[in-house]
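All chains are identified by letter, namely A, B, C and D, in their written order; residue positions are counted from 1 within each chain.
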Amino acid sequence: MTATAVPPRPRSTADPGRPGLGALLEDLVRAHRPTRALGSVPGSIPHLAEVDHTRFGIAVAMASGEVFEAGDAAVPFSVQSISKVFSLALALGHDGGSGLWSRVHREPSGTAFNSLVQLEAERGIPRNPFINAGALVVTDHLIDAVGDASGEVLRLLAAPSGRGAVNEDAFAAELARSGRNLALAHLLADLGNLRNPADAVVHHYVRQCSVEMSCADVARAGLFLADDGVGPGGRVVSPAVAKRLGAVMLTCGMYDAAGEFAYRVGLPSKSGVGGGILAIVPGVCAVCVWSPRLDAHGNSIAGAAALAELAERTGWSIF
Amino acid sequence: MTATAVPPRPRSTADPGRPGLGALLEDLVRAHRPTRALGSVPGSIPHLAEVDHTRFGIAVAMASGEVFEAGDAAVPFSVQSISKVFSLALALGHDGGSGLWSRVHREPSGTAFNSLVQLEAERGIPRNPFINAGALVVTDHLIDAVGDASGEVLRLLAAPSGRGAVNEDAFAAELARSGRNLALAHLLADLGNLRNPADAVVHHYVRQCSVEMSCADVARAGLFLADDGVGPGGRVVSPAVAKRLGAVMLTCGMYDAAGEFAYRVGLPSKSGVGGGILAIVPGVCAVCVWSPRLDAHGNSIAGAAALAELAERTGWSIF
Amino acid sequence: MTATAVPPRPRSTADPGRPGLGALLEDLVRAHRPTRALGSVPGSIPHLAEVDHTRFGIAVAMASGEVFEAGDAAVPFSVQSISKVFSLALALGHDGGSGLWSRVHREPSGTAFNSLVQLEAERGIPRNPFINAGALVVTDHLIDAVGDASGEVLRLLAAPSGRGAVNEDAFAAELARSGRNLALAHLLADLGNLRNPADAVVHHYVRQCSVEMSCADVARAGLFLADDGVGPGGRVVSPAVAKRLGAVMLTCGMYDAAGEFAYRVGLPSKSGVGGGILAIVPGVCAVCVWSPRLDAHGNSIAGAAALAELAERTGWSIF
Amino acid sequence: MTATAVPPRPRSTADPGRPGLGALLEDLVRAHRPTRALGSVPGSIPHLAEVDHTRFGIAVAMASGEVFEAGDAAVPFSVQSISKVFSLALALGHDGGSGLWSRVHREPSGTAFNSLVQLEAERGIPRNPFINAGALVVTDHLIDAVGDASGEVLRLLAAPSGRGAVNEDAFAAELARSGRNLALAHLLADLGNLRNPADAVVHHYVRQCSVEMSCADVARAGLFLADDGVGPGGRVVSPAVAKRLGAVMLTCGMYDAAGEFAYRVGLPSKSGVGGGILAIVPGVCAVCVWSPRLDAHGNSIAGAAALAELAERTGWSIF
C-alpha cells in the first residue's frame, strides 16, 4: 500500500442551506448591531470618523457560489488594511514568495501595528506583510512586478462582483496625512529595502486602502482564499499559496490581537480600520463583517464579537 | 429549516491505515535523521548537550487508538517546554481560564522566548502562557489549585502510557542554573503577579520540564488535544478548552517562530529545547517528533522539517 | 618656557563668610519648605511614606571645615541611593576602576532607574554604577575587596561626624520588599556578572541604603568629593578619582533626569528616594539638601528647586 | 553682611602664555596624529570617506583673543553635527528656550544617535537637541524665527573669522542620502512636532552640516560658549544661556558616549562625524580638534584621546 492511503484532512462541501445560515446571520445582526458609539474611530482619517456608528453588515460567500447577506451587507465601506491580503496574494502569485520573503518576515509583530521600533531593530526587514512597513514592501514588490500596483489590487477586489472603486476624496485626504507611512517608506529606503521612490510607494499603498466595497462583494473577492486558490472568476493563486495566506492571516491578520482572535474565533482573518473584517473558513466559505467602531487594537468591536458567535454556533473554528 | 441546518466543519474520522502512514513515517526518518551536528543545543543545560545528534524519532497517536512509530520513537527524551501545554490544560481545567487569563495574555511574544523586556513594559502580565514568565504564572496558578503542580503535570503526561519520570540528576543540574527563571519569578512577585514564593514556583516549573518520555508516549499524552478534550484515559478538558489550547499552540507554541511554523507546517504545535515537538491534527491525531539539534529560535531543526513534509504529504494543515 | 606655564583652572579657596551663606540658606528654607504634600513617596518602602512632608533641611560643608546649616539640617533621614556614591568611591579606591569598569558602563541610562530592559539588551553590563543593577555590581565588587561591604560604606559615611546608623526596622521592611533587586541580581548572575550569591549582594545593597544621617553629616561625608579626594578624616580617593566621581555624578546621578538637572543646577549630584540630594561644588564645598516628596523621576522636588536657586545666586555652576 | 558675600566660583583669566600652550599642542600632534586608518568613516557620506586618515589639527581660542594652533589646524573640514550647537544657540537666543524646550527634552539619549525608537515611544518629543530628531526640531524652530535657518547658522559660524562655506558638492551628495532624516522629519510631522514641510527642514539641516571650516575658525566661533556668551564679534547669547549650552553639551554632546567622555575629559563638547570636536573650558577658552577616523559612537578617535591628554595636563576639567 502506498502513502496515498493516508487521506487528506476532509473539508466541508455541504451546502448549509439558505434558511439556516440566513437566519443565523439575522440573529447576529440583532445581537451585535451597536446602539451606542463605543470604542473609537481613527482620528487621522476624517472620512472614517463620519460613518454612522450603528452600521453593521455581514455576508457569507459559499464555495458553492451562494452568498448570504444580512444587515448593511450591501453598503460600501472603506476596506483599508483588508486590501493587504489581496496585494500579498498578487505579490506571491508572481514569484511564489521566493523574492518577497527575503524582504519581509512572517512573524506576529507583538507591538502596535504601525511601530517603527521593530523595523529599525531588525535592519529594515518588516516583521510581517500586514503591518504597515511590511505592506509598503509588498506594494514596492508589486510595483516592480506589474507597474500599477493599486490598480491591480482594485481589479482583483472587483473581479467577482464588478463593483468596488477608490473613494477619491478619501484618498486625497488620507494621502495628505501620510506622515507615518512616509516615515516608514523613507526608513525602508535608508535601510536598503525599497526599490521605488518613497512617495510612489506610499501613493499606491494609500490608494489601495481607499477602495470602497460592500461586505457581500468583499466576501466574494476573498472566496479564493477558502477554496484552494480559486475564486468566482477562476484561479488566483495555487492551493499551496492559498493555505499559506491563511496561515499569515491567522498569525498576523488582526494587528497585535492575533492571539486573542485565534483564541476567541479560530478563523484566519484580516481587519481594517474602516471596521471591516474578512474571515476564511477553509474549504467552506469567506465571511465579511463590518461595523465601524474599533477596539484599542484597531479591530471592529461588533465585527469581532459577531465572528466569535458565528464560529461558536457553526463549529467552523479551524482548531 | 432551523439554524442547525448549518453543518459543523467536518473532521476526518477515517483510519489512514497502518501501512500508508507507517511507510510515510519511515520515509521521514530516512529523509530527516541528521548525519551532522548542525544547529545547537542549550548551553545552560548540560545533560541536553550530551544527547547523540543523530537521534530522530516520530510517532503518531490516532484518535482510533492506534499509534504509529518510527526511528527513535521509543527513546525517552527531556520534554522541557512541551510540558507547558499540559500544565496549561490543567490550569484551564480547574477554572476554565476565568482566573488565569487575567494574569497572562494570549498574544505571540514577538521577542526571544525568555525576554524580561515585555514583562516589565506590560506591568507583570506575561505575553502568553508559553514564554517562561507566562509558564511561571501558570505554575503558580496550578500550585494554588492542586498543591503539587509538577506532580500533577507528570500524572497527566504519564496517564495514557504509565511511563514518564523526572530525571532527578537533570532536574538538580537545571535547578542550579535557574538564574533567569528566578529573576523572572522575583520580578513577577515585585509586580504583584505571583502568589507563592519565587523559589517554590521555579522548583515546580523546572521539575515539570525535567520529565523524560518517548515520542510515542508524548503523542499518546497529547491526543486529548486533537480529540475534543478526551484522551486515552478519559476526558481531560472540555471540547471548547481543547480548541482554545490549539489556538494558543498555533500562535504562541514555537517561541518567536510561530508565524514561520504556521506558514510551513500549519499545525498547532509546542516545542521544547530538548528537541521535541508535539503537533496536533484536530479530529485526527497527535504527532510527536524528536531530534535534539535546535535552530536559533530553540526549535528542533530536523523535527520542524519532518513535520513540514508530513503536513504537505498528508494535507493535514488546518489552513 | 615650559608647559607648566599653562595654569590649572583656578578654584575658589575663599571663605564665603558665615553671614552671607548662612542667610542665603535661611532664604532657601523659607522659599522651598513645602506646605503641601505635592509629588509622591516610594510606595514600596513603608517607612519613607511616613515622613512629614514639610521637612526641609540644607547644609553646606566648606573645604575650610566650616559647616552651614538651615531648616531640618540636623534631622536624620534615609540616605538611600546617596550611599551609591560612597560604595563607588570605595570600589574605585581599591583598584582605581581597572576591574570595575569592565563590569559596568559609565553612560546615562536614558530609562527609568530600575529598568531591566537595558541590562538584558547589553548582556549583563549595567549602564552605570548608579542605576540599581550597576549598584549591585559595585556592591558585589566591594564584597570581594573588603568582605563587609555595607559596613565599610557606613564607616565611610560616618567617619567625619561619628554619626550615622542603619535603621534596622527600615532595613528589614525594605529587605522583605526586594523583589525587583533580587530579580536584577539573579539576572546579573545568569548573565555572568555576579560573583557572590544574589541574596548576599542584595542584603548588603539594601543595608547601605537604610543608613540614616542628617544633611549636615552627609555634607561632611561628601566633602572629599569637592576637595580633591581629601575629607575631614584624611584622603579617601586620589584627586583623579575624585574628579571622575564628579563626572559620573553629573551624567548619571539624578536617575533619568540628569540632563535636566545639569541644565538647571549645573552641579555634580546624587539623589536618593529618601528625598536627599548630595551636590558637589568642586574646590569649594559639598551641599546636602533634604525634603521627602519626590518628582516622577524619584528626585526631591523641593531639594532640586533649592539647589537651582543656590547655584544661581552663588554662581557655583560648573558650566 | 549680605548674601553677596558669597563669592562666585572664580574662573581663570590668566593668559597661559604662548610658549607653554603652543608647545603642549605640538606635543599632542606628535602623540595623536594617526599613522594607520583605525576606526571608520561614515559609509553614507562619500566625501567624508575620502579624507586622508593622517589628518590631525588642534586649535585653542583664548578669551584674551589669542589663538594657538598646531598640526592641520588651518585645514577646512566638514563640521557636521558641531553645527548643532550653533543652531541651538540661535534658537535659544530668540526665545530663551521658552518655546523650544516644550518641543525637545534635555536628557542624554542612551541609544544610538539616530534612533527612531525613543522618538516614537515619547510621542514626538526628541530626547535632546543634539540627536538628529532634536536637531530637526531646532532647525524647524529656527526657520520660524529667522527664515533662512542654515544661512543664519553659517553667518554665526563665520562671524569671527570671515571664513566658512557650504561645500555644495558634499551638500548635494548628502541631501541625496537623507532617507533617515526624511523618515525622522515625517515622523515628527505625524506626531505634531514639525511646523514646516519635512523636505524644507531636512534641506536646512543638511546644509548647515555641510559647512566646512578649519579648527582655528571653529574654535574662534565657539569662544562665546566659554566667555559668558560673548564672542569675538560681540554678545551671542546671555551668560545664563551660555552656561546652559555647556550643560547640554556635557550631557548630550558626544552621542551615546557622553558619560564616558565626561569621565575621561571632563569638558563640555560637541562632536561631528566629520571628525571634529569642539570643547569648552568655561572662562578660559574654546578648543577644536579634528581627525577624521571615528569610533563606534561616531566620535573622532584621535580627537578624543588628544582632548583627554590636554585636560589632564592643563587641569582644565570642570570636575
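Just so we're on the same page, contacts are C-beta pairs under 8 Å (C-beta built on N, C-alpha and C of every residue); 3 or more make two chains touch, one makes a residue touch a chain.
A quick note: this is a predicted structure, and the numbers were derived from the prediction, not measured.
Asker: Any chains in contact with both chain C and chain D?
Answerer: Touching chain C and chain D alike: no chains returned.
Asker: Centre to centre, by mean C-alpha position, how many angstrom separate chain A and chain D?
Answerer: Whole-Å distance between the two chain centres: 49.
Asker: Rounded to a whole Å, what is the gap between the Cα centroids of chain A and chain C?
Answerer: Chain centres of chain A and chain C, defined by C-alpha means, are spaced 56 Å apart.
Asker: Specify, in ascending order, the residues of chain B that touch 2 or more different other chains.
Answerer: Residue numbers touching two or more other chains: none in chain B.
Asker: Taking all chains into account, which pairs touch?
Answerer: Taking the chains two at a time, the touching pairs are A-B, A-D, B-C, C-D.
Asker: Using the touch definition up top, name the residues of chain D that touch chain C in the complex.
Answerer: Within the complex, chain D touches chain C at residues 1-12, 14, 16-17, 19-21, 23-24, 27, 105-111, 118, 127-128, 243-244, 246-248, 250-252, 256-260, 262-263, 266, 268, 281-284, 313-319.
Asker: Write out the stretch or stretches of chain D touching chain A in their complex.
Answerer: Within the complex, chain D contacts chain A at residues 115-117, 120-121, 179-180, 182-187, 189-191, 198.
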